Amino acid sequence: MFRHTDHLQFQAKPEKPDPVYARKLQELIGGAFGEMTVTMQYLFQGWNCRMPGKYKDMIMDVATEEIGHVEMIATMVARLLEGAPATESTRAASADPVMAAVLGGMDPQQAIVAGGGPVLADANGMPWNGRYIVASGNLLADFRANVAAEAQGRVQTARLYNMTDDPGVRDMLRFNLARDTYHQNLWLAAIEELKADGLEGTVAPDALFDEEYTEHASQLWNLSDGTKSAEGRWAGGQAPDGVHEMAFLADPAPLGGPGVPPPPDPLLYATYDGSLGKPAKPELGTETGVVGKIKKAME
Amino acid sequence: MFRHTDHLQFQAKPEKPDPVYARKLQELIGGAFGEMTVTMQYLFQGWNCRMPGKYKDMIMDVATEEIGHVEMIATMVARLLEGAPATESTRAASADPVMAAVLGGMDPQQAIVAGGGPVLADANGMPWNGRYIVASGNLLADFRANVAAEAQGRVQTARLYNMTDDPGVRDMLRFNLARDTYHQNLWLAAIEELKADGLEGTVAPDALFDEEYTEHASQLWNLSDGTKSAEGRWAGGQAPDGVHEMAFLADPAPLGGPGVPPPPDPLLYATYDGSLGKPAKPELGTETGVVGKIKKAME
Amino acid sequence: MFRHTDHLQFQAKPEKPDPVYARKLQELIGGAFGEMTVTMQYLFQGWNCRMPGKYKDMIMDVATEEIGHVEMIATMVARLLEGAPATESTRAASADPVMAAVLGGMDPQQAIVAGGGPVLADANGMPWNGRYIVASGNLLADFRANVAAEAQGRVQTARLYNMTDDPGVRDMLRFNLARDTYHQNLWLAAIEELKADGLEGTVAPDALFDEEYTEHASQLWNLSDGTKSAEGRWAGGQAPDGVHEMAFLADPAPLGGPGVPPPPDPLLYATYDGSLGKPAKPELGTETGVVGKIKKAME
Amino acid sequence: MFRHTDHLQFQAKPEKPDPVYARKLQELIGGAFGEMTVTMQYLFQGWNCRMPGKYKDMIMDVATEEIGHVEMIATMVARLLEGAPATESTRAASADPVMAAVLGGMDPQQAIVAGGGPVLADANGMPWNGRYIVASGNLLADFRANVAAEAQGRVQTARLYNMTDDPGVRDMLRFNLARDTYHQNLWLAAIEELKADGLEGTVAPDALFDEEYTEHASQLWNLSDGTKSAEGRWAGGQAPDGVHEMAFLADPAPLGGPGVPPPPDPLLYATYDGSLGKPAKPELGTETGVVGKIKKAME
Amino acid sequence: MFRHTDHLQFQAKPEKPDPVYARKLQELIGGAFGEMTVTMQYLFQGWNCRMPGKYKDMIMDVATEEIGHVEMIATMVARLLEGAPATESTRAASADPVMAAVLGGMDPQQAIVAGGGPVLADANGMPWNGRYIVASGNLLADFRANVAAEAQGRVQTARLYNMTDDPGVRDMLRFNLARDTYHQNLWLAAIEELKADGLEGTVAPDALFDEEYTEHASQLWNLSDGTKSAEGRWAGGQAPDGVHEMAFLADPAPLGGPGVPPPPDPLLYATYDGSLGKPAKPELGTETGVVGKIKKAME
Amino acid sequence: MFRHTDHLQFQAKPEKPDPVYARKLQELIGGAFGEMTVTMQYLFQGWNCRMPGKYKDMIMDVATEEIGHVEMIATMVARLLEGAPATESTRAASADPVMAAVLGGMDPQQAIVAGGGPVLADANGMPWNGRYIVASGNLLADFRANVAAEAQGRVQTARLYNMTDDPGVRDMLRFNLARDTYHQNLWLAAIEELKADGLEGTVAPDALFDEEYTEHASQLWNLSDGTKSAEGRWAGGQAPDGVHEMAFLADPAPLGGPGVPPPPDPLLYATYDGSLGKPAKPELGTETGVVGKIKKAME
């Protein structure tokens, strides 16, 4: 269960409105790596964490912090939109380059749909969606996704930092940049901790190594021009997992045969000339179909 | 430019059709971490790479390999669908539990839309989309996303490996698992190489540390019950970036004031009682609006 | 079955083209509360209405009217785009602030994709989709959704009314505003009629009151700072349904235990330390799994 | 800012796992009217509320409660999935109707993607998205949307209540049904309060009545067969807003002319025979184009 | 403007309910080539048609017919769902293979969301969206899209025809198949008519032939193994447009240089080693940037 | 399997950057008919082609070419963005109309998300998705879709050609226009070849003519005002398939009865007055339900 405190985690007061920037900030609310993504990603990871204790607790700490980040940026957007043009059309723009820029650069839905506030979408108005989040239950794989999300988020925040010179906006972004730095370190530290606790290794998941084809777990397949890709750390020496030796496959040949699909079911009306032989009967489990043979075997 | 060889990178021959499994395999084609995602992610990273040479080359190698993985799994799906029920309805199911299971578990669009082949969608039929890919131009941030993608991909492949006992399917998945292992090691090695080459550090981007609020770049904000989250590596000691000291903020208080949006533009018809004072005039840049003042200052 | 008359329900003639406004009007075609939504919402409600007669007839009347509204606004958009810049690039804009505004504010797909006409998308180019519509079969719940849709639609239309001073556009919007007023009244009246006819009550659905926990059907849980939320009509006195007494729960405590998920199936490779005990066997319905016990009980 | 308590708002313990039902419950997490929608809808309404005090406070109370509802149902889903089949394929189903049903009815992504936990999607696996939420800044319009959302939510919960006989699941749903009842009453009471406070009327927004065409604000246009739609409350008498008189337009005729778009810009290559006259020059604002005339007038 | 008649265009009465088939039929309502697509595609083409007369009229005829097709199939879906299982869970399925199949194969949202009726989505529950429609204003290009849509639609209808043996369903589909046949012929005839009227040629649009590089308008680039693709009609002889000669390019070489992007703006934090030289200054139009030079040239 | 050559298929060098045009070009990357669509459409058609030989080979040739087209345009976009404004806000625009236009017209995600490169989205920032592609297995239906895609693609390219006067951009587009011309001819020729080979006819699929209602396979239903639609080739004479006679149905009447859905299951809480009789019991297959009768009949 959650509780709310009406003070913001950090101040979110622009010195001056800037409706064009208000659109850009939407990326940090509803973009693929915005605050909404990390909020829901960490909440679902926390709720799905199978170990009560330090990991689950820490994930819930950060998740709960992130809801407050959405709140901060949503408030900032509303303030950046104060006094934005709600009434004018192209005609007015012809005498005023500021208005021309603002009319062009604004998100029209912030006015028409949200009444001068934020929407739950990115800088191009595409709504946030639930496929952005990663919560697989494998903490190593998920923490790697978390490092990646915080890294992308900090790159975007850094870019946005340079797109304004408003002292109030920059004040808030200085806080956000710092949290993104901490959170990158946090998830990297948590990966170390998983190893130290003997819960995970380097490769996720730490399983099926004996099933997979080891000879294919080490080579870079050189499939583009030249061999410059042989010059990197990835083309030789011990792999980061401490187990595999890395190698370079200079001139790889396909290992499989031609990728021909089977003869089609005639009742699906795929174009066919019979060159692959007679198709299996379409009815499931009757005389000659393969699934029919399974069924018979089961009986 | 690309060229195609009609042999598959690796064999993709199921021993027997299994239309229910054919639906599950869609996750590896069109899921958020399926082969389509890594294909397009690496292609766009490669095309956007600003350094001719080993990095760009290597990225294009792997990208080109991944198109062939989509091809392998697409072929496998078509073969798993051979002889699947194209004609029967509920009535037939009442006498046949195999058909009952298959009718229920199949992806109906594989038959109706694709004529017995794969669709470009995930295991629930949701189409793949371009927001799944990550290509920011910052190679450190992108390689972290690549590790994460390969980790999630291998977790999903491992789960799918256990969901079949078909020797032919497992044969292909043993290859895929191995490539996912190599690719995780590859991107981890590439992160080491970026540091060794002096191109990036630990935190992405390696910039703006002097602008961000350092005091907020180190603390875990304890926002959920208890203090078990203080027990982890992330709550003390040197951060993985070798620069910051990590710490635990046991009882954090908000640093900002209440998140009140400004008085609304009356022509947007937000409900308002005047308690925040008189709203700025809505027209942009005229007398009293804040943006108006900017414009005047510029003049 | 439907028939079409080639006259518009109401005039849609702008005095002058305005390609920036043409983009904004897209919200009324393909936005979440645009004419397309009410068209399809009412059609599906009508087709799914289980009572031949006045309700079904009325719903189909309004649904059929709304198709004509999409037509009116689509025509208006095409006319607003007449003579819009189809050829120029940034270079031309540098000498002409009108063009600067127009180039920036236009929807590029109206030109590139639709050849100077409307698209089936909102003001940010996001396509309309079928999840916007509400047609549950419960007329009370659906009519409440209809009031809400007409209210949001009229709010948006009112905002758009202020964003133009073109007499022809305003002429059409005066008609639309009036229809939105009537339709709000219509659906409110229809809710009264449902009650008068004894078909529904105040709360949707009018069922399961004896099953739900009555003590939880009356209290506001105070989960944010302060107690100002106790001052409203919702915190005491008789509820609008005439049955419940409303109340204020000043300091609510959670009623459930910790939200711990069960021990994971090992073949799904979730990170786990055994702290929740031994996981159930993953195989469905075999010896020790819980679903297995169900099956046995059934046998 | 938010804080988290690790106890659930209400108990979420199924008596027995039921993976088929776990898929259906996804509708209450990530469906258009699931808990995620009301959570984000109320948060954005609260953050965008322009009046500190009882309304904003109450909205934040309910919003904060709803995050806890997502948590409860997410936990329930994980528990319903305990022991679900993670390994079997069609072959096994042929001997076991339970497994046949479960294999067919499960959400494959709950296993493959989430490792035996919930996803942020609906019962068909479609991800939740930000266009589901309504937060226009007009509280009357938004509260009507809130009543509608709670009504649809309670209808869906009631349906789901009948789809299980598990005492633990029903226990939780009894709580949810009760909260949905209270919340419907709450938003209806809040609409009364808005009127009592003189902030809003019956029709949203309470503006532009003098601009809209009054004669069109009262009539039902009879556009489908018969005149049964004249028999309802909406076809005569005073409207719910207490201002308009409702009426029935038995045989409506279109009020506009034919909906002909203007002659096309030749450089957009629309098919055209010249029957509408010579098209305007495509260049913006040059000699003969209409926008050109605007520009000249401005000069 | 439109009018509605309450009789269906054709009968839609299944002999018996079949809830599994009801899900499959959703493809014909809300799939990419379902009735909703052709309805909205033809409506937008008609509204955007720049020639009053036979073309516009005919497009509106077919568009108006298609709304009635959505109506027919929506009605059929509701009837197929009669008596479908609204209450049972996995437990009941264990004793009943029919229920097992039905529970697995049903669309859960038809019950939970639509109350036993159709949804505006496809067979996998993915909602219909506005990007499915094609309405470019170029009638040749659009009529080709119409032939394609009717062809895909008839292929899908034919597949669905074989998936049922219900005489009532087949009765309706016999009508739909026939209309799809007529509509394919219709759009092919309309393409002939466009040519006969001198409005369009074979290639859309019939323009810019003198601008495009003629030598590249005739050759098949052989980019995959072997030369079997040289054996087709497309590799030699006169092209269908009667103008070009077709040819086979056996061993094509790239015509461009390496695809290297320019040096990056340092404030966007792309990883970079300086190998492409010094990046242009990021500020727009100031001293050394290229856009700056344009601006100067304009001045 | 695929291989990559680092030279572009054709040169992609703009003379000057133009960030506004860079946004428009996104339509050719990630729009519904952009290069990404044809790439994936042809790949899936090729992988799903059931006839080794000239068709499959040719499809793979073109598919492989199209990946290279995505590459060309992605490179062009990065180059058009060189020196684009990465730092400025509204304030700067007030003194500079070029910047005003550019700020307004740019895609903010090209900077914030992609670091000055392309995104996998269209000109409005909507991501490309897998439902854009058509690969039904019926080659006639698919080739018709391919002609349509190339026609729409060439129309869009032609429009974009007129939106720039940059010689380098036009150089590349002259190549693209030519390939679109060839590809339209190619797919038209391939349709001829399918007929010549006796694999398909004119209508797709070439089946079920004896099942469909022939009398409905020939008439235009006149459902809109007037009879001008009788004047076209489609209203009389032999149909393009050489079999049917086309005709005009001047005053069509509905052939079906009213579209009334069945009485609702009471446990789904649809509003109902009993006018349709007693609903079937909701439990599947038990005593009185219709599906129950099927089950009994099967037994």
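Letters A, B, C, D, E and F mark the chains as written, and numbering starts fresh at 1 in each.
Rule of thumb we're sticking to: a residue touches a chain if its C-beta (ideal position, glycine included) is under 8 Å from a C-beta of that chain, and two chains touch if they have at least 3 such contacts.
Chain labels with UniProt names: A, B, C, D, E, F = Mn-containing catalase.
Just so it is clear, the structure is predicted and the values come from calculations on it, not from any experiment.
The set of chains touching subunit C and also touching subunit E is given as A, B, D, F. Traced through touching neighbours, the fewest hops from subunit A to subunit C number 1. Of the two chain pairs examined here, A-B and B-D, it is A-B that is joined by more C-beta pairs in contact. In a homomeric contact, the two copies may use the same or different surfaces; for subunit A and subunit F, under half of the interface residue numbers are shared, pointing to different surfaces.
Residue-number overlap of contact pairs with C-E passes half for only one option from A-C, D-F or A-D: A-D. We define each chain's centre as the mean of its Cα atoms; on that basis subunit B and subunit F are separated by 25 Å. Inter-chain spacing, taken between the CA centroids of subunit E and subunit F, is 4 Å. Remark: subunit D and subunit E have CA centroids separated by 27 Å (rounded to whole angstrom).
Shared contact sites, meaning residues of subunit A that touch two or more other chains, fall at 1-9, 18-19, 32, 47-48, 53, 55, 57, 60-61, 64, 68, 71, 74-75, 78, 86-88, 90-91, 94-105, 111, 113, 115-117, 121, 124-127, 129, 131, 136-138, 140, 155-156, 158-159, 162, 204-205, 207, 223-226, 254, 258-264, 267-270, 291, 294-295, 298.
On the side of subunit B, the complex with subunit C involves touching residues 155, 158-159, 162, 267-269.
Contact residues of subunit E toward subunit B in the complex are 18-21, 23-24, 27, 31-32, 97-98, 100-105, 122-126, 155-156, 159-160, 162-166, 223-226, 254, 258-264, 268-273, 275-276. Against subunit E, the residues of subunit C that register as touching in their complex are 1-9, 30, 36, 40, 43-44, 47-48, 57, 60-61, 63-64, 67-68, 70-71, 74-75, 78, 90-91, 94-95, 113-121, 127-131, 133, 135-138, 291, 294-295, 298. Against subunit F, the residues of subunit C that register as touching in their complex are 1-7, 47-53, 55, 86-91, 93-97, 99-101, 103-105, 107-109, 111-113, 115, 121, 124-127, 136-140, 194, 197, 199-200, 205, 207.
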